[in-house]
Amino acid sequence: MVKELIKTKNLKLWFTDNYVLHDLDFTVYEKKITALIGPSGCGKSTLLRSFNRMNDLIPECKIEGEILLEGQNIYDSKADVTDVRTKIGMVFQRPNPFPKTIYNNVAYGLQIRGEKRKSVLDDVVEKSLRDAWIWDEVKDRLHTSALSLSGGQQQRMCIARALANQPKVLLLDEPTSALDPKSTAKIEELCIDLKDKVTILIVTHNIAQAGRISDYTTFMYLGDIIEFGETKRVFTVPKDKRTEDYLTGVFG
Amino acid sequence: MNKRKLQEIVGVNFLRLGVIFTAFFLISFLYIIFSKGGSVLSWTFFTDFPREGMTTGGIYPAIVGTLYLTILSILIALPLGVFTAIYMVHLAKPYWLMRIVRIAVNTLAGVPSIIYGLFGLTLFVRIMQLEVSLISGALTLAILALPVIINASEEAIRSVPRSFREGSLALGATERQTIMRVIVPTALPNILTGAIISIGRVAGETAPIMFTAATFYSRMLPTSINHEVMALPYHIYALMTEGSKPDQQVPIAYGTAVVLLLLVMFVSATAIIIRYKIRKSRKW
Amino acid sequence: MKVFKEILFKAVTYFAAIFSILALFGIILTLFMEGIPMFQEVSLREFLFSSAWYPTNEHQSFGALALFFGSLAVTIGALVIAVPIGLGTAVYISEIAGSRTKEIIKPMIELLAGIPSVVYGLFGMAFLAPFLIRNIGIDSGLNIFTASIVLGIMIIPIISSMSEDALSTVPRALREASYGLGATRWETITRVVIPSAKTGIIGSFVLGFGRAIGETMVVIMVAGGAAQIPSSVFDPVRPLTTSIAVEMAETVLGSIHFHSLFALAIMLFIITFITNLFTELFLFKKVK
């Protein structure tokens, strides 16, 4: 039985006068991986960034409609944006470790919320790094700079950093586009492993990747959601001609 | 309201307070200078000589002196600066020399202006026996302005696209022709902007001219580069520290400060306008 | 003919480039040439560790310690004022202000930077000092406190513009990472942005220090001029630059006093040279 975790209602978004997201209604199911695919500029990253209100940081951005997380509108005037971002974590296209130690990177979320007890921090850091499959590689050098890690390790550490907040949802914005094939494979396997714990929404340019790891696929085109459904179904019998063309490489 | 939100509000408003303080200071500073100095401004203040031991009269010779000093020093520093910049960008050989030039320029930029004054006193006034004169002061100021002009010119020359140089060289032009006919003319507006900014800087300097060029009082305008001159910044200093009638001297000092500020602001405004026009008309 | 022109061009260019090196060496050489003769009469020990600066007494003594402390006192005072305001302004411009506010604040800072130091001195001497006497009940307005305020305001633009440069090199991705983990703006600024830009920011403090300690006109006019080791912020002091500038006008060319002023200048030069070196190191690291 699948449960709806996030629902968007009439979501519209503009950058100044540029109408980017066209009245979207969209659902994310709990403990599943949903992939957002589509050609460049279709709005998939913008949509993803709407879920943790990262678009708030762009002054030109105007947003209308609702995004409900377990029934609560995250754009409600009473909603606390830092709270939203704690519940809905995000991993970016390029690994972006802080120039701090590995330990302090992962503990960051807890530290800003005032957690000072070393035992708690230690536990969470270890658990998050384990969950992100990087513990064994870094356990002996937790107090060295995170910048000394390889790209793939940095990205898994960024996932650990996001997991340390115990988010309900993890947003992944093309998390493997800057990585080599081996690191990519590892992160893909990690995603599948993580879905028992957290709901994942992933934007990807890589159609095969969406096919390999996701349960649901959403195809977006020029700011509209063209098709949404179980990945198996979308990939085998797409309802829309444009989805089929995109999947078969006619454009993209 | 939780602790984190409180911290956010207090923190951001603290920063805002810093900016407001700066703005408040700037406005009150300008208001004080202009309101106290404005009262002595008159036509004769600009055209007359100081009279009765600097307690009345105008500041004409100081205005003229400052103009002479700054213009002369920029005329000396500009060619040196532009050629140094050409060296840094286009010749840049040998590498070790370039490194040393760079270190020297950066070090010069950090030398306190009073030390330039001592240098000018020793080299120009005493060793070269130019005496306390317009030329000694201008040379001292030229060296002081040099690092600023070099850096501005270097940036200007560096911003000329590579393709311009390659285009010219491909037509069979020599390095010299390429630099003098293509690169420098293209970079010229930006170079001049840098030069104008340094005029503003030089016009307000006091310490370097104290022992090399400036005099408290002069009954005539300098007619040769070997004469000592009055200058606006030094005149302010003299009015505040010399003489026996502060009640009459302080207002004149404020008035002189207004003239100096207007001069400096006018010069910077010119630079800003030129810079704006260049950005608008740039097509590459 | 053409070849000659090329050679001439190269010669002129090299001459110009070498000129800066010559100028720097000229400065160092003249300072030492005129400064060293003092040490024939005055021991280095007395110069560095005595605080008795009586160059015109019958029994002359040339202890520069009080002057050095005078410089240090007003410079530290200036930093106490300029560091929070300068850094605060930089952070405000780069992290908080909208583009409209920026367009007001930035020219304001530039204007502040363009005001000649003698005008700051005039302001301190003719307005601020009497103002402080009236309002905080001190006997004389020309002291460390007043000089620090004026000097501090003077170096705000240096600290703020260089710090802002450093802050602007912090990648947007780091800010997004922090916001993405649920941090507030203040937490992002204090825990991520400022630590990431710290070399450049510290560089700006060092640069401000160098500028303040070398400043002459403001301290002549506002610091009070008494050659003593201060015991309170309301004490007058006589910084190195004041002694050099004021006494040079009164001394006899070639006297020990004259040479001692160059010795002070050597001291000042070394201090600013070291600060410069630090700034260079910080900047170099930032570029890397």
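Should a chain be cited, it is by its letter among A, B and C, assigned in written order, with residues numbered from 1 in that chain.
The definition used in the following text is that a contact is a pair of C-beta atoms (placed from the backbone, for glycine too) under 8 Å apart; a residue touches a chain by one contact, two chains touch by 3 or more.
As the structure is a computational prediction, the values presented were derived from the model and not from experiment.
Across all inter-chain contacts, the pair with the most C-beta pairs is B-C. Farthest chain from subunit C (centres taken as the mean of C-alpha atoms): A.
When every chain is reduced to the mean of its C-alpha atoms, the one closest to the centre of the whole protein set is C.
Subunit A and subunit C, compared by their mean Cα positions, are separated by 49 Å.
Measuring from the averaged C-alpha position of subunit B to that of subunit C gives a distance of 17 Å.
Centre-to-centre spacing of subunit A and subunit B amounts to 54 Å, using the average Cα coordinate of each chain. Touching two or more other chains at once are residues 82, 112-113 of subunit A.
Touching two or more other chains at once are residues 4 of subunit B.
Annotation for subunit C: residues touching 2 or more other chains are 184, 187.
For subunit C in complex with subunit A, the residues that touch the partner chain are 98-99, 171, 173-184, 187, 191-192, 195-196.
Within the complex, the subunit A residues that touch subunit B are 82, 112-114. By the touch rule above, subunit C contacts subunit B in their complex via residues 2, 5-6, 9-10, 12-21, 23-24, 26-27, 30-31, 33-34, 84-85, 88-89, 91-92, 96, 105, 107-112, 114-119, 121-123, 125-127, 153, 156, 184-187, 189-190, 207, 210, 213-217, 220-221, 241, 244-245, 248-249, 253, 261-262, 265, 268-269, 272-273, 275-276, 279-280. Residues of subunit A touching subunit C in their complex: 52, 54, 57, 59, 82-86, 89-90, 92, 94, 96-100, 108-109, 111-113, 158, 161-162, 165. Across the interface of their complex, subunit C is touched by residues 4-5, 7-8, 11-12, 14-19, 21-23, 25-26, 29, 32-33, 36, 79-84, 86-88, 91, 97-98, 100-101, 103-108, 110-119, 121-123, 126, 143, 146-147, 150, 174-176, 179-180, 200-201, 203-207, 210-211, 233-234, 236-237, 240-241, 250, 253-254, 257, 260-261, 264-265, 268, 272 of subunit B.
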